[in-house]
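Across the two complexes that follow, chain A remains constant while its partner is chain B and subsequently chain C.
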Partner chain A sequence: MAEASLTRPSPPSMIGIVARKEFTETLRDGRFKWTAAIMALLLLTALASGWQRYAAYAEMQAAAQGTSNTQWLKQGDKNPHSAAHYGNYAFKQAGSLSFFDSGIEPYTGNLLFMEAHKQNLAISRPANDMSAVTRFGEINGATILQILMPLLIIFLGFAAFAGERERGTLRQLMSMGVSRQELMWGKALGIGGAAMLAIVPCLAVGTAVLAALDVSAAPDLGARVGVLALAYGAYGLIFLFLTLGVSALLGAPRNALIVLVGFWAFSVFLAPKTAAEISKLVHPSPSLGEFQAEMKADQVRGLDGVPTAAKFGKYVRELMAQYNVESPMKLPMYFPALRMQKLEEFDHVVFDHHYNSLRDTYMAQRRLQDALGVFAPVLPLTSASMGLAGSDLLHHDTYTQAAESHRRLMVERMNGYLSKAAVDLNGVSNSSNYMTADEEVFAIVPPFAYAPPDVRAVLAEYGGGLGLLFAWLLAALGFALFAASRFRLDVR
Partner chain B sequence: MLEATGLSKKYGDLDALKGLNLSIKSGDIYCLLGANGAGKSTTINLFLNFIDPSGGTATVNGLDVTKHPLETKKFLAYIPETVMLYGNLTGFENLAYFAKLGGHDEYTDADLKNFLKQVGLQDDAFDKRVSAYSKGMRQKVGVAIALAKQAKALLLDEPTSGLDPKASNEFSELLKQLQKGGAAILMATHDLFRAKETGTRIGIMREGKLMRELSTDEVSHADVERIYLEHMH
Partner chain C sequence: MYATIVGHETRVLAKTPALVWVLLLLIAAVVFGAWSASNTVARNSAGGQAIGGYEQSLRDRMRADLAKYEAKVKASGGTLEFAAVNHAPGEGPPQATNAGAVGSETAAYAVLPPTALAALSIGQSDINLAYIPVNMRNVVDVTKENEIENPVNLKTGGFDVAFVVIFLMPIFILAMSYDLLSSEKERGTLAMVLAHPISLAKFMASKLISRLVVMIAVVLAFGLGAVAATGGDLANADTLVRLALWFGATVLYCLFWFALAVLVNARGAGSATNGIVLAGSWLLFVVVVPTLVSLLATTLYPAPSRFDFTTAAREAQTKAEFERMQALDQYYYDHLELVPDGDKKANDFLTLAMANSAAVEKAVLPLYQRFQAQLDAQEATVARFQYLSPAIMMQRAMNDIAGTGPGRYAHFMDQVFAFHRAWQEFFTAKFLKREPLTTADYDRIPRFSYAEESLGAVLGRLAPSLIGLLLVVAGLTTAAFAGLRRYRVAG
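Up next, the complex of A and B:
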């Protein structure tokens, strides 16, 4: 008889049995109904309003870029260099998944004026138009998952072991011959499954939105969504395993809840704020005023200490020697155009230096914050999430660099055209009045367009952070399994 | 079926159990008597491998419980002072869950309901959540779980304390059924009357030591009480 029960052909899967029971029990719990309903409602609201914001912006951006391009062409006949002053606008493309995570988009500006002589900062920051009510930033799907998903999991799981221990069912359960590890996996599966139910609206709306998106415009969308899902899945599992581990090791459910909510508050509120402050201390970034003043000063005195005027004089003397002429007015190109272009080019070095170092500072700050993710998994998740959503600094930098390249192209083409077309006007006073260009000339500047970084570039930047997130997952799993091998059956 | 050989448990300097030798065969109902702290619950916890022995061995069906903690539990059913169940699940769902955990997923719903009927749970309680159950009803579900598990040995830790006499009597009848089915039963109790009525053997414990063993058919109620009190002084 004994042998018969020992050699059962296929014993039922304990993990599955425990998981189903935990799932059913969780769903019947009043706590679950309320928290899940609130979570689902918030997610739906955030995603729907994010989508509406995204769609409105994408439509506006396409239309405005078209209008601005037409205005460039139809600006009226004028001197080509004046046309470069008239300028054009570069509108930023919304991140393809920014309806889910708007990242730094509200703070960085989505409109950049491209004009001769100046590299401008992007303006039109949505945050400027927000009321004081939205001081915590826009509510978007990502924020809700980052902040509330762990709390939901904690609420569903803190009593998983501690509650059973307090009620005495843990003894009954362990007398049945269930292995401790199987019990841990079963509870993880059942409670994790219940938590998934609350997040389903997110998946549903997300899928509907993705179906509506123009995938041909963003061929890497599938990969971005896939990695995002993995990252948020890992984040949820980290909190699930931590919750179950703490519930198993700590005596009473109340204590488990206090410890877990404490870690949650530290992780999602204190850590990001502290990490940001630390990163600013380690990698100080200049204020806007300092930044602009420094750049202006370097434009005059030269990065290498040779004043721009001296550099230009040397350049002209070399050019005159090359063409063997005694006066710059005898050069075989329109000198004012040459001068303006050359001075632009001296500035490029200065602009590149300052803008790149500013960007590098911000990047270094962010990388440090990601590394501080060893203390709080939300840090690398936040970064990778906005990277994958296309609303991070990487995407913004690609946009501003594209706009700057376009500006340089525009100025160079206008000055270049002028320098050839007006070669006979050298030395003529008020010569700029005699040289006009029309739409056909303006059309040698192509319309502004750029491609955002693809998912490979995003992964290259955030791979380390994602790695850290998965290291957290392994550590949390290890902790949960350790806790499973150690938990006590009775409150003592 | 249940055997203890030189079984001991120390908590620091305190001897909770001192060299217990015990052998309980199929069809035995062995009642452990003794004051609180005599080592009755410690014995049961050792058989369940809920605590590690300081010395000696406890075996179930010939298997050492410390070496085969999961296999030996398949033969065991445990019924504590109050059977603890999941309040959010019905009596039926609790039984179904524990039956599956016990390795028996072959039962149909009708089979499971039969177990509940067999232990005398009212039909209308099957699908009520256990949070509304009385203690007596919980104990019945506990026995149903043991039946469904086809346990070869039962470990009962004061299962009738706090039950009214009728419920207590019903519980004893259930034990006798299980005994006829061939189960070996170890029951810790304070109820001398029930021990004499239901048990086949009685062991009297004091301060971690088994002082005396009796066969219930050789002694009267009065004898049991007299011998018990002798050992308490």
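Up next, the complex of A and C:
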């Protein structure tokens, strides 16, 4: 059966003929050669430099984390609580595909000090150590595909219908018996294929790099790459269908070009900034000073209005009643350690409240920006791309939360050890000088390590945005088919 | 003749609905930009006030404790005593007498006030902290905090007037002038006009004048409106000079795009080709070249990792702790004049901590300076390559004029470092001598007040960008008008 269908000569596909003609014609166009060459060169430069940065950073990060974990162990004999003050550093991992999309990595701290009493913000933000010129944006694989790919598609396709109409070949073409829909599909295939050629180097380098990556360290890499390819494919198709639709509907190629370039400029330059400002307006976030002042004040006065000192007094009275002793120094644990640990725990509530609300505000801002993607498809694409590349808020939050969990564990274990080991020192003045611990004790805190979120978490966060992107694709396709059924054959 | 053409062109421009719409959009963008940027400025100021006020309130409370203690001592006829750290509250002298405790546990905020034009260009003011907490910590720790803002928004960049000027204004200019000659030629009116006693160059000049007038009126309205909207004081000399510089730079930048349009028109191609060439130039100068220069600078001079000096600082800390008596000796050696009578070197927790911090600072400072040198080299690279794109020159100029660039921030940080030294000296002296602080001392605690840099310094930094822009404009204009001489009016 299959044999038979293979041997039967297939009817000439009009779509195939149109596509081949568009493809060949585009390739022969000198302007295409130039644009494609420039684009390919930029992509190669961006991917190569992105890879070099990624590799250098990943190596540095692993080394620094190893050193810091060792420094924790080898810090020398001292009071366990002093050890918690010495603390440890959490170094942020680079996103597994950040060589392609560095996302917010230049704008987030990659170094977090984990110490007793304080939840710190990640510091050492690369953007602070770079020239202001970097604010024009970073050139990487993602930004080139987000900004330049649509422009390339517009340049290749704006005259697809309008040009033929102007030259009078559109009517001629229709007389060959091609249907309007077939013509649209054929042109889409041909021009889309030519545009793909310009992106091939990106795919080649991308594959080579993926082969070099240690896939065992990130088993979800394949899924991430797959979804990224789908998202960028959809984005390119959106512009392809919009371009062909506009070219079919508008009279002159010049008008089609102006409308399309206008939409492109709005979409990739104006919309992101406007969306960011709108999101800041709807979900205002505090400055560092406001954030710190509020948090410090809450640490003293208590979130629930009961001052921390009063809460602690109540706790001690209850504890004394429980153990039936008349002084905290008579408790069967080292009181200073108990006190420090309890105060830490009161602080946890305050820290969680403020840090979570900051994180929620940032997330809400980003989600609103994604939703504003109904006006510009680049908005949800940018977000999802960073998420899949591992260089977004979600990955940053996983890092900071892992660091905070580790900090709490470290402090709790040190105080816990102290409260048992130093029970005989209750009430002794300057007792902290007599209680030292060594490497063996410090080793009850595991070395700091964390795992980035899984691709499923990424998809859960960005699924809505990706959905919007595919809705855009359907709408653009619908528009192109509508335009196909309506276009005029002649210049009026 | 000039007047006729200028009048005619202006009327034509005003009757082109697309241009009127673009202009209205541009005005809306400027209003939105000035407003949103002023929110960022206000947010920074609020941050400084909130945390600065909080820390001041801590010291005020300490001062009040101290006043109570002083009254008690005075009533009992005793002498003021110095409190060791962690003295249980309620008995004996309060912590407030301990200079080391006051100087470490409370911070004074060194605040960089925004200029009146800050809202015209956000620059680096959304990432550089405008209020630095100064206390007894070492200099590396004092400078490690960053202003916080959603990193997603930092990546996108603020919507400010500089964005409108650098990104959007050229689009408006090119839309007005991409077909200066080509459209006349295509309609066949060019030959007719040139049949009158006017040269092509003069005809072009008069066309440009009408557009320039529109442009300059728009720019003037932008600047004045933005400064007035954000509450800038226009009577201030500093503000006026900065505003004048802003106008100058903006007009020069606009001239660049006009000259480019003339140059492209002088090649004699059709309107569609001119449009594509000019759109491509915009993309090249505003998007591609700046990102490539940025890539070049950060690749040639990558900022050394802060990881390195974090690791080094911890090594130094461990070493200082191992050799704590030696660190203490060194600390006293560095403050020989302050060694207490009879060589009674205190070795309590706080003194050791300070000795430690000083040891760490000493170990890390060379790394820190190397780090700064690398950043300077990076900045110098950008300065050298800025001439490749008017957008880079303009960005640097806008940031310097608005006082949101690296130059003014470095000027501020120099004062912060000096203030940090003054703060340390003030508290270290009293602390090491174990002299109890008095309420009178509280009034002498160093206060930070920012001294604005001279306009000469601003001009000095601006000069390369502005002169570069001027030369590029002059060169382009000359080339464009020279090209006009070879322009074929017919055929």
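In this text, the second predicted complex is superposed on the first by the 482 of 492 C-alpha atoms of A that agree within 3 Å, B and C clash if a C-alpha of one lies under 4 Å from a C-alpha of the other, contacts with A are read in each partner's own complex, and residues count from 1 in each chain.
Everything below uses one rule, namely that contacts are C-beta pairs under 8 Å (C-beta built on N, C-alpha and C of every residue); 3 or more make two chains touch, one makes a residue touch a chain.
These numbers were taken from a predicted model, which means no experiment stands behind them.
Judged by the touch definition given at the top, the superposed model places A:Ser287 against chain C, while chain B stays out of reach. If you count the residues of chain A touched by chain B and by chain C, you find the higher number for C. Of the two partner chains placed by superposition, only chain C is touched by A:Val261; chain B is not. Contacts of A:Ser98 after superposition: neither chain B nor chain C is touched. Applying the stated contact rule after C-alpha superposition, one finds that A:Pro126 touches chain C and leaves chain B untouched.
When both complexes are overlaid on chain A, the residue A:Arg171 reaches chain B alone and has no touch with chain C.
Contacts of A:Thr398 after superposition: neither chain B nor chain C is touched.
On chain A, the surface touched by chain B in one complex and the surface touched by chain C in the other have no residue in common. Within the complex formed with chain C, the chain A residues making contact are 42, 45-46, 49, 60-61, 64, 67-68, 71, 74-76, 78, 86, 89, 91, 103-104, 106-109, 111, 121, 123-139, 143, 147, 151, 155, 253-254, 257-258, 261, 265, 269-270, 272-277, 279-281, 285-294, 296-297, 358, 361-362, 365-366, 369, 383, 392-393, 396.
For chain C in complex with chain A, the residues that touch the partner chain are 29, 32, 36, 39, 43-44, 46-54, 109, 123-124, 127-129, 131, 144-159, 163, 167-168, 171, 271-272, 275-276, 279, 283, 287-288, 290-295, 297-299, 303, 305-308, 310-311, 314-315, 317-318, 321-322, 371, 375, 378-379, 381-382, 386, 391-392, 395-396, 399, 405-406.
Considering their complex, residues 1-2, 5-6, 8, 11-12, 14, 17-18, 21, 24-25, 28-29, 167-169, 171-179, 489 of chain A touch chain B.
For chain B in complex with chain A, the residues that touch the partner chain are 48, 50, 61, 70-78, 80, 82-89, 93, 97-98, 100-103, 105, 149-150, 152, 155.
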